[in-house]
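The chains carry the letters A, B, C and D, assigned in the order they are written, with residues numbered from 1 in each.
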Amino acid sequence: MVQEKLRVAIVGSTGYGGVELIRLLQAHPHVEITSVISSSSAGVPISEGFPHLTHIIERNLDGVEPADIAAVADVVFTATPSGVSAKLVPQLLAAGLKVVDLSGDFRLKDGSVYEAWYKHPAPDSEWLAKAVYGLSEVFGSEVTGQSFISNPGCYPTATLLGLIPALSAGWIDPKTLIIDAKSGVSGAGRGTSLTTHYAEINENFKAYKVNKHQHIPEIEQVLSQVSGAPVTVTFTTHLVPMTRGIMSTMYASLLGTYTEDDLIELYRQYYEGRRFVRIRDKGVWPATKEVSGSNYCDIGFSVDARTNRVTFISVIDNVVKGAAGQAIQNLNLMMGWEESLGLTFTPVYP
Amino acid sequence: MVQEKLRVAIVGSTGYGGVELIRLLQAHPHVEITSVISSSSAGVPISEGFPHLTHIIERNLDGVEPADIAAVADVVFTATPSGVSAKLVPQLLAAGLKVVDLSGDFRLKDGSVYEAWYKHPAPDSEWLAKAVYGLSEVFGSEVTGQSFISNPGCYPTATLLGLIPALSAGWIDPKTLIIDAKSGVSGAGRGTSLTTHYAEINENFKAYKVNKHQHIPEIEQVLSQVSGAPVTVTFTTHLVPMTRGIMSTMYASLLGTYTEDDLIELYRQYYEGRRFVRIRDKGVWPATKEVSGSNYCDIGFSVDARTNRVTFISVIDNVVKGAAGQAIQNLNLMMGWEESLGLTFTPVYP
Amino acid sequence: MVQEKLRVAIVGSTGYGGVELIRLLQAHPHVEITSVISSSSAGVPISEGFPHLTHIIERNLDGVEPADIAAVADVVFTATPSGVSAKLVPQLLAAGLKVVDLSGDFRLKDGSVYEAWYKHPAPDSEWLAKAVYGLSEVFGSEVTGQSFISNPGCYPTATLLGLIPALSAGWIDPKTLIIDAKSGVSGAGRGTSLTTHYAEINENFKAYKVNKHQHIPEIEQVLSQVSGAPVTVTFTTHLVPMTRGIMSTMYASLLGTYTEDDLIELYRQYYEGRRFVRIRDKGVWPATKEVSGSNYCDIGFSVDARTNRVTFISVIDNVVKGAAGQAIQNLNLMMGWEESLGLTFTPVYP
Amino acid sequence: MVQEKLRVAIVGSTGYGGVELIRLLQAHPHVEITSVISSSSAGVPISEGFPHLTHIIERNLDGVEPADIAAVADVVFTATPSGVSAKLVPQLLAAGLKVVDLSGDFRLKDGSVYEAWYKHPAPDSEWLAKAVYGLSEVFGSEVTGQSFISNPGCYPTATLLGLIPALSAGWIDPKTLIIDAKSGVSGAGRGTSLTTHYAEINENFKAYKVNKHQHIPEIEQVLSQVSGAPVTVTFTTHLVPMTRGIMSTMYASLLGTYTEDDLIELYRQYYEGRRFVRIRDKGVWPATKEVSGSNYCDIGFSVDARTNRVTFISVIDNVVKGAAGQAIQNLNLMMGWEESLGLTFTPVYP
């Protein structure tokens, strides 16, 4: 019997997350894109703003009307700015749609924490409670059969996948966590501002939002849940003169004598059967280009016996595993499909 | 009935062309890679030098032994330096293998021209005669059923696809052809030298091999064939501080009064049914990123009524359409498969 | 006797041209910056938007008031958008100031041509007549003692310095001129738009304004003047993923049998004593990085005996020789100083 | 009276450190370059390998002969690989020359530590004892009048200037120091290898030598000296896809309640009168481009009250303040000149 295709709509199709969803979903065997949606550009062919899609998806952008979407789609990806999803997603759910939300609006369970970091009103608490946090390799089993998934942030994905096995094993001291994160510029979105101007970014390396990034409470919420006690982290974000890629370099004090071999074994067991996490061999650390264009998260370790600290290095493609790829992984889990369906891309190298 | 997989080997698997063949063939539905071959690194896991292939292709590199290859493969891609293929390919053919050669060794029909530009001995003329030049959209019908294909060069692919429809229609004066070509650095291969050193290339734009590039006779041979008379071109190559992509900006005097609309119609008709050539609308020109990671060749036009000249702009991803992608397109044509099989990637953007 | 410092003001100090004027004038021995001016940011310390100037120039931005400027300055550089200078410069001149204008508003002698290409009203023809076109190495002698200089555009500077000696010698056919030009992104200015967004530019090479760039009439005006007859050129502009640098690759048919040695000698004689033009040796072509951060224009040649065409390659730093550096060179000439005063920077390499 | 020029020779003139010494010394008012030296390229014009120096320094490279050098120079800069200086510098000193050594060979006072990290024999201990460690803003007073200076490493310069004021004030816990450092590719030198290949570096961010970099003992030696007790640090180095620039992001636990204002005041007092260290205002952090091409070290702070940790961010241009610029600063101090002589370049921006 031929699999009937799942009908999918993408809100925010003119952002980098949305356009990457299109790229990946075009290659997904069980999915059909039935609407690409943009509040700002409705009526315009999507290939006008994105000529790389010429002949691949010849479709005009639709407006954001929940009823219209429900008429043509089963599932919606909302790749919308924070604040927009807060209002839109409940309408989509009410219209009977399944939703994978890529904004940060439904990740924090405590609305007051959301408001403290995001600086605008949180969604109603009932919706915060309903959203399942879709960090696939950790909470994937909770995603199956659900209809409302909150897709993790890009920095949290790299950071949490790098820390959780050691933290949940009790090998590292949660009071000593320092996270030095670096991202390519696509993470800032397609909006124009001086901070994304080529001449300001090229040949430049800069820190931003030091100790102030809105992904901090998301990381702390999950680490606290995993360790069973409140965790507070020191977290710095930097902008790298490249388009794609995140590296999270993480530091912690060891709570025992563990070697790199121990860590490698622990992580390989933790992620056994999870295709998209790859643990590097001893003495080798991953680079962002080694996962570029793919859904992989690669992790390596260094133990410094002199200080009894461990350094974790975790890399992802922020647009794929940090956004569109993990969102599709969540779709697969929601639908009870193999989690890697449509995502088995080899990284693009060089 | 299940399609039995074609067994494929790749010689030169540690170069950028070879590693891209692996990426693309991994996703090809009718193909199985049975040997990855490197004369210099035999015995080493390929993922050691290319960690992005970890878990994707866990295989040691094999040495270059035609008999061994023939024992495990039906078809060989030779992504080897010029000079190496000249000797190796006849042995592979003699061993009963089909060959798609990505080097420049079998593109020029006249061995003396080869020797003048490549500065080393040409293959025997019988092999030069047997090789079918696989510029898919132009000579694809000659490829079907063949067992020995010479894959076009990267600059010639972009340039020829951009010029042939107008030249064969007699719209442009073949004595006025000027080609100003630009390439990303991956075109120089993975070998190390000062000319590929990051600090020498980054924030730099340079010309090289001006009027001396070995792709000149390849372009002239095909244009002469198409126009029915000897064609000589002025051809400049430049290095762009980016990894992938070629743009060929081409100039010619018009032999009549043709508008951009005329050219667009001519080209759309010429390439009708050929999925991988996309003709841009009037007033819009393609950029290299719009084909990055894909097998597309995108073409745009500008007619200057003041000088009665036309400017053609043609872009490809040099590693895909300019090498590995077109080689697989040729494989598809050789085997009588749909030419786009396994190649329907959406460009990676941004 | 101590040289009394010339008092200088810079209008447009928050653009890339303005901020480069500050960098260069800080090191000029005979000049004192007395006002940095920005219509949009008056009252703000300039180091707020440009932290690299911290402690170097601690001064608030002033507003644009001709009388106020005349009270503190002898000379004004107007690094303002086209259209703004058209109105402002006459007021500055009327206030008794000397002016070096870096906009395109006073370069074209024919106002109707200006309006056809710039798409807004031209300045009054009396001002167009008064402006001296400051292409230093060609028209420098006309600049001495003048009080109103129109500084050449970036593309015209690279192109004209590359073509004029051969054209004025009658060695090349003016009907065959094709100019393929490439620029770094700083040429687009500091304004934000999708066309300067890092993720759209990085790893991308694109053509723009093909046959439509407003520098075309400027180039044609000067070439016509030099050759004594109307010259029309084919001119393409491309954007290179780098910050600084312009290369102009130019093609022409030779009107005789001239070798590369002939051209080298011709150009070395033409530019004898002009420090900022360097002619490369035979078989070597300049790269943009070799002039980065400096006021040099480097030129190389290739003659193709097969087509009897010559290829000229000319490079500049668009922000220095193409803007701020040549403006200061013009100041030096206006004042009767040595033209290289304050400009003898070694290029920054790598 | 006219200042007689100091005669200076540069060993290692074909490396990035050497060629930057040439750029900077060309602009130094009291210095004359009398010999540019390269063991590998003696006899060749330096402008052949570095065309940007055409007409600026027209001189053939000399060989490495201490007696010949002593005949023409008063001071030598040795920008040589580690291991080479160990042998050469004693001969130069014995020949009566003053030496500023840019290699790492004379920075560590304990030869056994040197051998453990550098993996080859240390210089004789008498020379290690004689070398004065020239971190200008901290140990500048010890440099005056000396004849043998060991110039600090690039990572140590950024890191030590960022940490010393807080550490020497007793504000931070030396047991908690974590240093996450990032460098542009020029730091790897001009040698060719896969690790500097453009296509491997571009669009890539990678960690290297994690906890193994040879600058670790240099940093620890100075921090231990400053704090009066042994200090051990966790230190990670990363490669950024850019040519110039280092950022050191440093973490420490505060030993009291200090605000960002406190830190700013402490640092401004510590570095009062030292032109090349600039302390950023509250809430603003420096970026590498803001010091590019200049001798500045810019420093900013973030205090996280939640964890009572401070984050220090320090940036330099690795080729200037991290090598050639600081070497000239040391020359100035040795000679009793103003430390900024010839170094008052405005950073090149953008």
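In the analysis below, contacts are C-beta pairs under 8 Å (C-beta built on N, C-alpha and C of every residue); 3 or more make two chains touch, one makes a residue touch a chain.
Just so it is clear, the structure is predicted and the values come from calculations on it, not from any experiment.
> So which chains count as neighbours of both chain C and chain D?
Chains touching both chain C and chain D: A, B.
> Pick out whichever of the two, A-C or A-D, is joined by more C-beta pairs in contact.
A-D
> Based only on mean CA positions, could you tell me how far chain A sits from chain C in angstrom?
A distance of 46 Å separates the two centres.
> How many angstrom lie between the centres of chain A and chain B, each centre taken as the mean Cα position?
36
> Can you work out the whole-Å distance between the CA centroids of chain A and chain D?
39
> For chain C, what residues touch not just one other chain but two or more?
In chain C, the residues touching two or more other chains are 16, 184, 186, 199-200, 202-203, 241-244, 286-287, 289, 292, 350.
> Over in the complex, which chain A residues touch chain B? Could you list them?
16, 19, 22-23, 26-27, 50-56, 186, 202-203, 243-244, 275, 278, 280, 284, 286-287, 289-294, 298, 344-350
> Which bits of chain A are touching chain D when the two form their complex?
Its residues touching chain D are 178, 180, 182, 184, 199-200, 202-208, 210-211, 232-234, 236, 238, 240-245, 247, 249, 251, 285-289, 292, 300, 302, 304, 306-307, 309, 311, 313, 315, 350.
> Report the residues of chain C in contact with chain A in the complex, numbered from low to high.
Checking each residue of chain C against chain A gives 16, 184-186, 190, 192-194, 196-203, 241-243.
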